[in-house]
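Next come two complexes, and both contain chain A; in the first it sits with chain B, in the second with chain C.
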Partner chain A sequence: MRSIIALATITFKEGIRNRSLFGIALLALFLFGLNVTVAGFFMRDVGKVTVDMNLSALSFAGLLLIFFVGVNLMAKDIDRKTIHLVLSKPISRSQYIWGKYFGIQLFVSASLLILFICSCLTVGLLLNLYPNYFIGFSWMTFILACFFVLVKFSVLTAIVVFFSSITSNSLITLIFSLSSYVAGEAIEEVVFYLKSEFAAQEKMISESLQNFIDIVSYLIPNFAVFNFTLEAAHGLAIPSQRVFLSLGYGAIYIVMLLILASFIFSRREFN
Partner chain B sequence: MPDVVFDLISKTYNPGLFKKKVQAVKGLSFEIRQGEVFGLIGPNGAGKSTTIRMILGLIRPDSGRILFRGKPLRETTIQREVGYLPENPYLYDHLTLLELLQFCGKTSGIEPEQIKRRNQELMEKLNLSEAQKRPLRTFSKGMLQRAGICFALLHDPSIVVLDEPMSGLDPIGRRMVFDLILELKEQGKTIFFCSHILNDVERLCDRIALINKGQLIKQFVRDDFLQDGDKTVFLHTSILDEIQQQKIQSLGGCIRLEGEGHLLAISDDDYHSVNSYLGKSNVKILGCRSEWMSLEDLFIKTVKEQDQ
Partner chain C sequence: MPRLFSLLILLVSVFIYSSIFHDVWESRKQVRTDIPAGYTIPSKFSRILSLGHQGILSDFLFLKVATFIGGKSGAGEILNEDDWQFVIQSLNVNTDLDPYFVDPYVLAEGVLAWDAGKPEEANQLLKKGMEYRTWDWRLPFFIGFNNFYFLKDYEEASSYIMRAAELSGSPAYLKTLGARLAYYGGKSKTALLFLEEMLAEASDPLLKKRLEVRLVALERAVLIEEALDKFKIQEGRAPKKISELVSTGYLIVLPPDPYGGKWGILKNGRVFSTSKLANAPQKKATKKEPTSQ
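And now, the complex of A and B:
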């Protein structure tokens, strides 16, 4: 455990001191500022637009954090052979995987926490400026939606760690992780469409393709389960069952992916 | 009991689809004895780094066995006993040296007080105390190399594996590392290192293994270069003709071709007779040497012989 904490700490420090972090933070702050500036144009929908824009800004910043900084925190270790130094110490391969995961996760969480505070300030400001247009707005739902943005990125971090453990190039890790993210965002809609009457009427999709998509839908993470933007924007209550199911799904997916990554990584050779 | 035994180790790399497999190491056998300085030399691509990585478990051999203090590598915790410095170490850019060493100490299971003491001790020894709070990305190549040495030695390992430890160091840094290796040897540590700076290898190592194309070609001991150097004079002369060579040999001297001249080895008993003959025959003395054959000579000769 001591090794995992030590590795997570240096990974976090390495990430949080990366200069690209300032660029990403500035971009997110710009989006929050833009929200304040243009909010007045939407009149009755100010509340919905504000929540939507804030959650999107958080999501976008999180994606940039993971793909520009997070990927390099593990993949570069292998790329630049820093891993030779690390594994020459009494650290097992699975400890390395878990340590890296917690380090990247800590870095993403800390960065998102700062952006979340900025986001709350933006929402609070607009709430004070246009109190009549925030009917039904609930801080609780908004915070929960923000929390699930973090859960989504926890899963994405596990995907990054998994691909870093099987490839030796940070660019390949980036491409695979990005593809998984895009597929994971869309998979639920694809499956719904295939099971809908429209698809049945068109008869364009072969059975084998349908089976393939069925299998893929179980392998690829379904990021739609972490999306509570609609509920937050309209102030709808989120059933606790859905919260726990989404959390459980995320946790199981992360653990399984990291166990698989540890298994592959411990069989890997480092030339 | 030897610290490390390589027993008929072979390793082939598979570079990927449609690419030819590369045999990095072929039936390699040698042993590293406790408390000795063992050098591994060879041309680029000879399999030196592969050998080192196999000791650390970063690469697994295809066949053969590696024993660490009599036990197969898998059944041991060699990482607790080994301090490793890779060639051109890439360290974490945004960490400070102090943070890197603290990480090393924590993962090696050292108590915080001891980490602090060892940190100061090593940083002072390698002249890095002033840079301890600077990010590693601001370090020069030589400083990174010294930082890597601190990282390798922090947990006071009993075996030190150094891959090109002198690479990128200025003369002062080289001297510092040279003295450090000697100090480690005095402390009874086993040192295994690869270097292309053969002069250092020759001066530091008790035994040297020369590998080429993944195979062990020859093993030398220190005496192979010295050839009773205390009682022998080595003279570098212009080219000698057949008759001169026969005469010198009859007077007790040894001759071998060296560059654009000959090298003579003369024992102090025969020195006067050979020297007066050289004077009479007007043989030009180009200089004197301290050894009959340097490691560099042996290295080049052996590699050329094998290539032919």
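And now, the complex of A and C:
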């Protein structure tokens, strides 16, 4: 356990030192500033637009963090062969995987926390500027939606760690993780569309394709599960059962993926 | 020397860039005005392509539609059928992406019902909104208004106004309005009540200005209608000409129609204006005149 914590701390520090962090933070700040400007263009649902823009900015910044910093944190050791140095220490390969995962996760959480505070300031500012247009707004739902952005990225980090354990090239990890992300975000819409009556009437979907989509929906995570933007934007009630189900779904997926990654990584040979 | 040369090239490039910059934007402007209407990706695709960001996509799409209408109106152009189809399609996709977003519904009411003369299409969108925004009294109110003012279906109008009145936050007069609608139907005074509410709700300056002119016109129509009613009760007959109301003292002066038309009385005793209470280019938008029974 101690070695996992040590490795996580090192990975976290390494991530924080990355220069691209400033660029991403600047981008997020720009998006929040844009939000303040754009909100005035709308007739009445200013609250909804604000929440949409804030959550999307958080999401976008998180994606950049994982794909530009997270992927490198994982792949650098293997790319630069420093992994031999790490593995010569009394640390097992699965501990290495878990340590790296928690390190990246800590780094992403800390960065998102700072962005979240900026985001709250933006929302607070707009709330004061347009108090009449935030009728349905609830801080609780907004904070919950922001928290689930983090949960989504925890799953994505696990995906990055998983692919890093298979390949030794950071570009391939990036491409695989990005594809999984895109597929994970879209899968729910595709599955429900194929099941809809409209698609059945068109009869354009072959049975083998249907089966293929079914299998894919088991393999990749459904990121829509973690999306509470609609509820946050309109202050709709979220049943607690859904919150726990989403959390459980995310947690179990992460555990499965990391155990698999540990298996693969333990059997891997480094040149 | 090479440094000087590079500097020279840079200066020339900057010069060329600044001279063509304006032309590039002008040509884009031309391209944008020449395009009859945009195309909106159907929601079954855009929901997938948005990758979980349906909310922000719907915001963007809404701005696009609002800018499209605003740009055309600002340039004094009248939107043609293709343009309106684009607006309807976009608003449909917009509300598919986020069915709780209220701005598209308000825009649909403001432009589809009033400007495009498509109250049925507006109603269709508003009914979709009612399925989701179950707490919002404005949506059934708008449907009721469209049925009353544009479609002249007083029974339907009354039932929607009653539904609006039941929701919390609705103005107190809606309760009596629903009942009055069912009874009186097409009195201009009922239209006036509706319009005052629409005006209080409108925040778009263009729409607000139009509604204000219409409000003045309706107030004057109500004034004439009331004089007409008084005349009928006291004289026991309908006046032959509208000017008779002035000559007999029921009206001090005949108020001018802000749309430039002339007031008259139909054979069945209703007040109408030759302008049909619409500006010349917007004839299609507002066909119906307030009438009295």
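Here is the rule we use: the second predicted complex is superposed on the first by the 271 of 271 C-alpha atoms of A that agree within 3 Å, B and C clash if a C-alpha of one lies under 4 Å from a C-alpha of the other, contacts with A are read in each partner's own complex, and residues count from 1 in each chain.
One rule holds in what follows: a contact is a pair of C-beta atoms (placed from the backbone, for glycine too) under 8 Å apart; a residue touches a chain by one contact, two chains touch by 3 or more.
Quantities reported herein were computed from a predicted structural model and do not represent experimental measurements.
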*Should A:N211 be classified as contacting the first partner (chain B), the second (chain C), both, or neither?*
neither
*Could you tell me if A:R17 is touching chain B, chain C, both of them or neither one (first, second, both, neither)?*
first
*asked:* Contacts for A:S266 in the overlay, against chain B (first) and chain C (second): which applies, first, second, both or neither?
replied: neither
_Tell me the contact category for A:L7 with respect to chain B and chain C: first, second, both or neither._
first
*So, A:T82: does it touch chain B (first), chain C (second), both, or neither?*
first
*According to the contact criterion defined above, which of chain B and chain C contacts more residues of chain A?*
C
_Under the stated touch criterion, which partner chain does A:S56 make contact with: chain B (first), chain C (second), both, or neither?_
second
*asked:* So in the superposed three-chain picture, is A:K48 touching just chain B, just chain C, both, or none of them (first/second/both/neither)?
replied: second
*Taking the superposition as given, does A:S179 touch the first partner, chain B, the second, chain C, both, or neither?*
neither
*In their shared complex, at which residues does chain C touch chain A?*
44, 47-49, 51-56, 58-59, 62-63, 66, 98, 100-103, 106-107, 203-204
*Taking the complex as given, what residues does chain A use to touch chain C?*
38, 41-45, 48-49, 51-53, 55-56, 59, 181-182, 185-186, 189-190, 193, 198, 223-224, 227, 229-230, 233-234, 236
_Complex contacts: residues of chain A adjacent to chain B_ = 2-3, 5-7, 9-10, 13-14, 17-18, 80-82, 84-85, 87-91, 269-271
*Residues of chain B defined as touching chain A within the complex*: 13, 50, 53, 56-60, 77, 79-80, 82-84, 86, 89-95, 99-100, 102-104, 106-109, 135, 148, 151-152, 155
